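Following are the structures in question.
Here chain A shows up in two complexes: once beside chain B, once beside chain C.
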Partner chain A sequence: MRKALSFVAGLLLAGFAALASAQGNPIKIGMSMPQTGSLGAGGQAALLAIRMWVEDVNAKGGLLNRKVELVVYDDQTNPANTPGIYTKLLDVDKVDLLFAPYGTVPTAPIMPLVKQRGLLLMGNFSFQVNHTVKHDMWFNNAPWTDASSWFDGWITIGKRVGGKTIAFLAADQEFAQNLANGARELAKKAGLQTVFDQNYPPTTTDFSSLVRAIRQTNADLVFIASYPNDSVAIIRSVNEIGIGSNVKLFGGGMVGLQFTPNMVNLGSLLNGVVNYNSYVPGLKYPGIDEFLKRYAQKAAEAKVDPLGFYLPPFNYAMGQMVEQAVNGTKSLDQKKLAEYLHTHEMQTIVGPIRYGPDGEWANPRVIQAQFQDVADKNMDQFRQPGKQVILWPEQYKNGNAIVPFDKARK
Partner chain B sequence: MKFWIGAALALAIGVGLPLLPVNEYVFYAGYVVLTYVVLATAWNILGGYAGYVNFGPPAFFGIGAYAAVVLFKWLGAPLGVQIAGAAFMGGAMGFGVGLLTLRLRGIFFAIATVAIIFIMETLMVNWRYVGGATGLQLLRPQVELYASYTRMLFAVIAVMAVASVAIARYVQESWIGRGLRALRDSEEAAEGCGVPTLRLKLVACTLSGALMGAAGAPMPMYLSFIEPASTFNLAYTIGSLGSAIIGGMSHWAGPIVGAILLGSLQQIITVTISNEMNVLVVGVLLVVFVVAAPEGILGLFRKVLGRTSK
Partner chain C sequence: MFSLDLLFEALIFGVLLGCFYAAVSIGLSVSFGLLDVPHVAHPAIMVLGSYCTWLLATRSSLDPLLAGVLLMPAFFLVGVLVYRFYYETFERRGSDAAVRGLAFFFGLAFIIEVGLILFFGVDQRSVEASYIGKSFRFGDYRIPMRMLVAFAVALLLTFFLSLYLSRTFVGRAIKAVAQDEPALRLMGANPVRIKQWAFGIATGVSALAGAMLVIVSPVEPAMDRVYIGRTFCVVVLAGLGSMTGTLAAGLILGIAESVVMMLFGASWAPAVAFGLLLVVLGLRPQGLFGR
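Our next item is the complex of A and B:
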């Protein structure tokens, strides 16, 4: 008798539990994020921002009166891992919505998967990853479109400061080549004469001979498309050897100069460099200052990028866009959400975003900023406007370029 | 006979399972595990039987993957032709590596095989036709019979796994295996006894290379993408070498046991603990097995069986 009673009680409990879980059934958002490997450091900071958005949206009562839950795995920056992870997210974890991993390479293999299944994918700082697949439910959070969107600002500034000749130095790797090709085309269109054009192998550690070769050319503009470690090595080489008094503009597509440890370590060596960025202090977007303040606290606890200018705001914005689309359509229907994102301007902490038909920003907003008056070994200086003076886009400009390059370094 | 019944059974499961309404994730994860079965089995032909430690599986795997991409892009070749082309390229490179063994042995041979990875990677980084450093996105063709391309790829890699194990078993049990074991113990003594060491090493290298190349062929279609850094990733060395060491190098079954254990463990860790643990687990397992069970799981098994029968 006792056995039968406990059996009935067990059944009832299980029934209640099932009922309760149906009512409070969370909306699951799934993603992989590179938390180790070459994109690991950036990925961890980006993930923190997404978690902040999840906290915020849940504090407001969630989406459609349901809590939001993030299911995230580490893809180790290895594209071989992402198809398996995203299939698990969809078929085992049964997530409702997908965010893409940070970066082009881990994202590329999941594009056919989402296209085949007709799923919305919020892109995460990838570059032209939808170019071949042409998925109409893809929305990238990065402020660029094609390669020319990165550097029309840089080339325009170069022309404005009197540049006539240009030297190119690019890593023979991944998108550095795409970027350099975009810049090469823009330079050609602008009538700049190319006096030096060289690719260097990604394993290069000593840039002294390359820097000497560039100095020999007496170029007005020096465009570099490099990866984080190379960027640091190139800046150090330029500091030791000098690039020549003729150079008016130096920088362009140097990846890594946006990352806090590099900025702090290089300090005053950065002065004069005009480089691309996604966000720098001084850009007055609604909510960004408050976000960065909260981020700084959490980043210190989580021991990730303490400034978090480059990726975190855009990852938070990714959440904000989904929030607006879900609230706007009152639905989780992927098609409706995609249509909403295509047809509405999204309000985010990185400014208003409107999407073009290819899921990239209709109005790209790559910042070109010059490091000015940067002191050594001081991280907090970068939190204030003026250390990275915005030269482009025109409407956000908050200072003038110091030319020639050498003058800004004195 | 037992082997062939087992092989037929494995083949039936591998080809039949994707036809059933099983969760797609099983095939994504299973594909990776079976790739390691092929790689580890292929590695063991040279590393286990002949004692020549090859650190270059990514080079063979990568050349296979890129051969498949070239055939697909250039001729629109079907997967079968891509695999055959990849096996040929892998085999040809294996033959070249076999010639290296004329002058290099032990650690020097191992270092030379590492160099091949970097040479191949640099070549592909600079070859724009296959996407260069940026990589190339590929659109999968329509698939018949199976519900999705990944399911078909699972069936294909299952067939390849069974075939490679059968080849490894043949090598082990035939005159080739006996000769390889002889030259592993002492190359000079083997040569003195009339074992054609160079010819055997060339056969082993070519076979091993061809199988690794074939294993790489379906990868670009599995990912719908190819780029050099992940294709020539040293993880393939760790996976194939680790599987053979953990499973046991003296028998064809060793790499299968090791690859299934290691591959599954890695897949599980990726979606559970999900961080550096993945690499750490392989490292710790390798250290534990090298110290505590140098003959691998099979050796351990034999030891335990031997003890209980006494």
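Our next item is the complex of A and C:
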């Protein structure tokens, strides 16, 4: 009897120890995120969404009965910082899974590291960072693949409104160059004549000269690939210097015009710009409205992007995808998770996502929307459909382009 | 596509841009050029000026330029205190003060940057005024009014600082401390107090330069990094401590950048600007207007 009691007590102790170990040993997800620097504003909003997912998944009991813990460092939007941060995450913090930082520039330097170590990496709004690395355990949360997924819509709209000539202005940075290079090729294939093609250094202070030079060319279409600070400065210069009455379509790849503070600050200066986006009001996905409502409350407390259309839903979706893969495989084995992500359609708040062999979306969904009838100093207007009219993809179209560019600005 | 019209406009934009560069460099011309203080935190103080301008302009509906002027006395006091601290902890303690001072000012720049992030967040901030976002038109030409404001401020700052340094007793003492500190001490003047005063002026001017910065373009906390190279380039090109030289050097850089950007390719603009600096330093190591 005493032996039997000892045996049962031993079993119970072992069970408690195992349980305690599981609960005290969380699943660590490591990442760097730009919290400062040019991508800092977007990075803070994105991180808030990831934290929301962590809260939600922990409220449901975590993953594999273990709590999820986020280990995050600020990479300052500096690509020189990310390899060191990710090495620390792996070797010192011993994280179980990796999320990539927001943006192409901070992500590109860590691709060789994750490929060499055979690790799963959930990409975060990067553009073509896996194009040459060809890592088969990379999964981007961004709704684009290559330049055609981005540019086809814009160029189709441009040709539809009678564009024959095109001007390119792109930042001398990884993302903008990748985008512009692809766009140049596609423009050539589409039979557009390039009348202006320049890259500008990231330290450019004033764009008056460049905008004036573009005006001189009388281009029909003006494609810009720029970073947040530059995007705002370019829009202001266009308003001051004028871009020419000939221009039918202006925009394309301007990062920063999706961020609420910039949208509110620029106000009516945005009218007429046809630019890419990931989500705009009017798109219906299961759970997105509820997410944005909760996000808005938390964003107000955290003092980050109050609307959060561009990055936060996709960052939350990144967590949802990992959750589905871990629950589906009942494992943290990186290869099994990668295989699951390759072979299953993920259900997220930004709609269903199926991955192609390169880890990009099999069915890209880049929105090209035109700012129309935007008033000054009014944030709430952007919550309604119609201020960013969807022109592409066709199945989501909810209005027509106002052309020429000058007309849309009146 | 070259045309004389385009070249003319490139020159106009270049003059305006150059004056803006001079306006943001003139404080450094005093602190680094005259006082020999390795003030790498100058752009960070300027960005702090931009944020304070933004705060004043948005909270009390003040014109940002006026807000910048109102901030000058407060920044003057900050400058006096910063220099006193720098003097007590670094300058008076030995010959390697410059190197250690460099670390001090880098540290100060980081503290300002992080402080701005904690207090204001990382979002861009911009101000509104009747001259922002509008242009002055004559014929086919359009000149951004915000750049005209920068042009006027640079000219006024250069004029008044030159006048102050050459016509007033303290101004001449500042120039004297730059040339021969022991001699000034022998004359019974206290060089530390004069340098403290001059550093205060340099910092006060940075407040106005910060107002210019946020008038010309939106600011974010890390923007100082963009201006470190450019402001030092202007001051060195000018010849350390020359106010009119600072204006001329700013104009040379601005015109070079603008013409290259409009007519030859924007990617070459920084290379041409800094290439110019190398050529000038090769031919005149003391700078264009240095003695």
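Assume the second predicted complex is superposed on the first by the 387 of 410 C-alpha atoms of A that agree within 3 Å, B and C clash if a C-alpha of one lies under 4 Å from a C-alpha of the other, contacts with A are read in each partner's own complex, and residues count from 1 in each chain.
Operating definition for what follows: a residue touches a chain if its C-beta (ideal position, glycine included) is under 8 Å from a C-beta of that chain, and two chains touch if they have at least 3 such contacts.
As the structure is a prediction and not an experimental result, all values here were calculated from the model.
With both structures placed on the common chain, the touch criterion links A:36 to chain B and to chain C.
Of the two partner chains, chain B is the only one touched by A:83; chain C is not. Contact with chain B, but none with chain C, is seen for A:108 once the two complexes are overlaid on the shared chain.
Shared-chain residue A:242: touches chain C; no touch with chain B.
Judged by the touch definition given at the top, the superposed model places A:216 against chain C, while chain B stays out of reach. In the overlay built on the shared chain, the residue A:370 is in contact with neither chain B nor chain C. When the shared chain is aligned, chain C comes close enough to touch A:205, but chain B does not. By the document's definition of touching, of the two partners only chain C reaches A:304; chain B does not. In the superposition on chain A, contact of A:124 is made with neither chain B nor chain C.
On chain A, the patch touched by chain B and the patch touched by chain C overlap at residues 35-36, 76, 172, 201.
Those residues of chain A whose C-beta lies close enough to touch chain C in the complex are 35-38, 40-41, 43-44, 76, 172, 198-201, 203-206, 208-210, 212-213, 216-217, 228-229, 232-233, 236-237, 239-242, 259, 261-262, 265, 269, 303-305.
Across the complex, chain C meets chain A through its residues 1, 3, 6, 9-10, 13-14, 16-17, 20, 113, 117, 121-124, 126, 133-135, 142, 144-147, 216-218, 220-223, 226, 229-230, 257-258, 261-263, 265-267, 269-270. On the side of chain B, the complex with chain A involves touching residues 23-25, 28-29, 32, 122, 125-126, 132-135, 137, 139-140, 148, 150, 219, 222-225, 227, 229-230, 233, 235, 267, 270-271, 274-276, 278. For chain A in complex with chain B, the residues that touch the partner chain are 35-36, 72-76, 78-81, 83-85, 87-88, 90-92, 105, 108-109, 111-113, 116, 129, 131-133, 172-178, 201-202.
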